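Next come two complexes built around chain A: one with chain B, the other with chain C.
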Partner chain A sequence: MVNTEQFRRERLDRGIKIRTDGLYALMSWRELSYLTLPRLILIVGMLLLPLIVPGMYWQKVVTILCIYALLAISFDFLAHYVGLVSLGGAFFIGAGGYLAAILNSTYGFPPILTIPIATLVGAAVCTLLLLPCLPLRGVYFAIVTLMYPLVLARIIEALDILGGTDGIVGVDSFANRWVEQYAVIAMVLLALFGIRRLVNLDIGLVFRAVMDNDQAVRASGMNISYYKAIAVFIGSALGCLGGACLVHIYMWCGISLFALDFSILPIAATVIGGSGTLVGPVLGCLILVPISELLREFGTLRIVFYSLILMGFIVFRSEGLMVYGERKYHQFQRWVKV
Partner chain B sequence: MDILIYGTINSVALALMALGFALVYGISRVPNFAHGAIYVLSGFITWTFLRGLGLNYALSIFLTMLIIGIFGALLYQFILIRVRGIAISEIIASYAMGLAILEGLRWGGFKGMSYTLPVFAEGSILIGGIPVDYQRIIVVGIGGATVASLWLFTHYTRLGLALRGMAQDERAALMLGIDSDFMAVVAMAIGAMLAGLAGILLLPLGNIVVEAGYNVLILAIAVCIVGGLGSWMGAVLAAFIIGFAQILTVVYLGSHFQMVVALLAIIFTLILKPSGLFGMQKQLEERV
Partner chain C sequence: MSEETILKVLNATKTFGGVTALSRVSFEVRQGEVLGIIGPNGSGKTTLINCITGFIKMSEGEVMYKGKKISGKSAHKIADMGITRTFQIMRPYYTLPAYKNLIIPLFAPRAKRTGGWRGGGKLGDRDTVSVDILEEIGFERDSFVPYKIASTLPTGYLKRLELARCLALKPEIILCDEVFSGLSMSEIASMVPLIERLQMDGITIVMIEHRLRELFQVANRVMVLNFGVKLVEGTPEEVMADEKVKEAYFGSQEVEEVMNYA
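== the complex of A and B ==
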């Protein structure tokens, strides 16, 4: 044990990190692989996942995991790049899911059409419904998004519309399970790298500015609500995409799409994986979803379990696994004498 | 006439549900998303004392209030205080806590119709030709007494004045020697006890169900937003507005729309006057 009276921990970037920041990354295979290997591991790992898990049951779990990952990316993007904490992932899932189910069962559109239509139209609907709350910050937005899925489920139940409590049955499935699996995995990877690219574009800078100091953005002559609406559209599109895929996977659509699982698990995954890293939420889902699947026989104890994990992480280890991992990868630390 | 009577009863019930939330938010600016869970939890603790251990009703209520108060204080002291001021973390941590309590209760077998608390007094009287049972009258009575005693407490006792001082300006309160962390713990304990009181008073009117926790949270938040977050008098007034609106919807549209009223109230308030009727947070209005 080092005496912290006389020593302080110092963190320094690794030499290879600094070399790979610029054009020198092309210098050698070592530098190239330092940059690309983590990304390749993720991509190849995700692609191989359906092949290495045992049995069809776990392949299904992988698919569900990808749906949660989409939601988690959407939560992370909205919360840590735009500053809108959405507690209603289930709202996005429900909107996309119901739209896809209606398009498919009533109008007979094939999944290849229903999914993109449900994604775009669903995102538009979600954005429209959330529009009145967009000028709000922090607590208020969280409260309203928390209420939407609960109230929508109540309305569907009360009015007995859209299949009521029975839901809509007989939704078409994907062509076969490989199409299903690789479609969702490809969507997760696309969403992940797409959003990563997006937040580094000019508009991503505006998003972050809206989060950090909205008055400054206003002073620069930009309309905050407009940018927030775009961000909500993108975020809810990811959620609706997940929902649309989900009804085609389950071949059923009902009010359980508004269930709490869809709201709380992505948040837990984001907090555990590392907030604001976008990869972290996917990592968190890779950890949490299989655990929750193993705990399935305990019923609602799963929710207790991941709420407690969530609370523990947010209170005691709020940086998350990915931030920790990145730090270890890029930096080394040593003790220096004060 | 029945709209008037049941509207009043419903409004007082809403005010009871919302007071604890409004108090905690007003003083420490921590939105306590575990509020609904505490409400249900108090019902279950009372039930356990009453049916499980066979204690006297009054004694079990007293013990429950004590336990809930301590629970609230511990919750703040060990969890929420660490994330205070970080809006995202406050919401997620308290919401996760509430979820853990509610779903834990559900897993523990507390579901279905078999869990009820007895009413305080059987029977009913006629008020203007409408039968009203004693429990509802007790709710109105205790609700009014609670609001009045809270007002007295915050205006005429040292602790209450310190709480108000902190709610108005935390820095100034700190300079005058008020321990803001301790005050926040006290506020949370009182808030939890108010939630517990609401639970004990209102749960005998129906079954103790876990879902009530989510509904109470939503209603409490709706009342607080309409009244203006952080303003207690605003919360009471908003409780009457939403309470009567709900009863009117039940009479003219059907009971399924009660929750929709709450949501619409929130959305209209946020569009028209985001800081609520008596919002303390003027800066919010500037920021919107």
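== the complex of A and C ==
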């Protein structure tokens, strides 16, 4: 150990940041790579993932992981950039999934059409249903969004519509498993970088302003409900996209699409990865989903170990991996003599 | 300053349950003037502003703006017509840098329509326009201040930021809710010329204020509220000579001081 009486630790920001966050003065290839390398690692890593995992079972896990990642990005965006804590992951998945399944099995649309249609129409439906509770904030909004998937699942079950408890079977699959995997991976990457760009655009600043201080936004002559609705549309579109992909992956659609897993796991992933970073939730999914699969060997004890791991992350890295990593990455650290 | 009325409040009444916060308050604001609203704590000044700007609904009465009824409209529509306000408790967007705080009003429909401040907004780059406005309002352009996250700024700058957010909309009227409170004497001294300059630019200003001496430097007329009732209205000298006002402020050191000063 270093003698702390003679030495102290000095932390310095790297000298490439000027004035504000996100504005850099890059003077060399080294500094350029310093910024691009982490992004490249993520992109290349995600693209290589289906090739390096062992066997088809784990390839399936990768695709499911990507669905969860879409939901986690959607949650992070709504919660930390618009201030709407949404537990509606299951609702979005269900809406997108059922729409895609109906379009495919009843009207015979191919997946290339059902997915975009289900995404847009599903997002519109979700936004319309959530419209009355947009004035709600924080935990109250969360409760209402949690209610929708429960209610819809029960309605489908009780009225025996849309296949009832059996669900809709015989949904077309993707052309082959490579198309399937790379389609969802591409969507995750597009969603990630797209949303990151969006929150720094002017309209993204309005979203963040609505979260910080909605009264001040009203005082600027802007209708906050309108901007919240746009944000919910974007967030639910990501979820519906995931749902639409999911039914084509499972080749089946049923009320298990409204399972609470889709609402809860994205939140856990966001907490682990670092809230408000957008990359963090994806990272969280990359950790949580495989762990959850590995723990299947423990049978019923699975959830216990799962909880322990979650607790460990929350206690020891409560700020989130990505926030911690970013801070360390942007700073030099050295011992200097007192 | 003209004699033309820009804003007219008729019998504004607001009750919260059994408490009457405002009771039949009527007054007019003339084009281009600075109107001060004073009164002891709890006399309904902020409630009055909230009623005019639509942040709370009046129980009775109406507000006319340029001959059109605006009471009952929602807050963002009233702001869109050019009636802007500052908040007593500053409401910056804490997570955004100071200059990004102004992107929001510059993105608003009104700013897009009016071309923002001094010809920017619609065509100009919003970042540049917002730094221009901040400089106008007293942020040092070449320092780090405009680029700092709002939560790290001192009160003086946040008060200016509140005003800047109004200015970005190119307002007709600014309703200032205690812009001087919480500031040091020197900070107030630098704010007073700013208010005067806004008036010269043709903006009508309604100021709620507790710092009477500074208010009387800029105000053309003053209105006094007490327990939600309008006591008097007139020039600063008239108002301070009024017996009812003395009673409302009974024992207040500052009124004595101001009266001696006047």
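Details
As a working rule, the second predicted complex is superposed on the first by the 286 of 338 C-alpha atoms of A that agree within 3 Å, B and C clash if a C-alpha of one lies under 4 Å from a C-alpha of the other, contacts with A are read in each partner's own complex, and residues count from 1 in each chain.
Here is the rule we go by: contacts are C-beta pairs under 8 Å (C-beta built on N, C-alpha and C of every residue); 3 or more make two chains touch, one makes a residue touch a chain.
This structure is a prediction, so every number in the text was calculated from the model and none was measured.
With both structures placed on the common chain, the touch criterion links A:267 to chain B but leaves chain C unconnected. In the overlay built on the shared chain, the residue A:40 is in contact with neither chain B nor chain C.
In the superposition on chain A, A:203 makes contact with chain C only, while chain B stays out of contact range. By the touch criterion defined above, A:223 reaches chain C but does not reach chain B.
In the overlay built on the shared chain, the residue A:155 is in contact with chain B alone; chain C does not reach it.
Between chain B and chain C, it is B that contacts the larger number of residues in chain A. By the touch criterion stated above, A:147 is placed in contact with chain B alone, chain C being left untouched. In the superposed pair of complexes, A:215 makes contact with chain B and with chain C alike. Contacts of chain A with chain B, set against its contacts with chain C after fitting on chain A, overlap at residues 215.
Residues of chain A that touch chain B in their complex: 79, 85, 87, 132-133, 135-140, 142-144, 146-148, 150-151, 154-155, 157-159, 214-215, 260, 264, 267-268, 271, 298-301, 303-304, 307-308, 310-311, 314-316, 318.
Across the interface of their complex, chain A is touched by residues 53, 55, 74-77, 79-80, 84-85, 87, 91-97, 100-101, 103-111, 126, 144, 147, 165, 168-169 of chain C.
The part of chain A that touches chain C in the complex is made up of residues 19-20, 202-203, 205-206, 208-209, 211-213, 215-224. Those residues of chain B lying in contact with chain A across their complex are 31, 79, 82-83, 87-89, 91-93, 95-97, 99-100, 103-104, 106-107, 214, 218, 221, 225, 229, 254, 256-257, 259-260, 262-263, 266-267, 270-271, 274, 284, 287-288.
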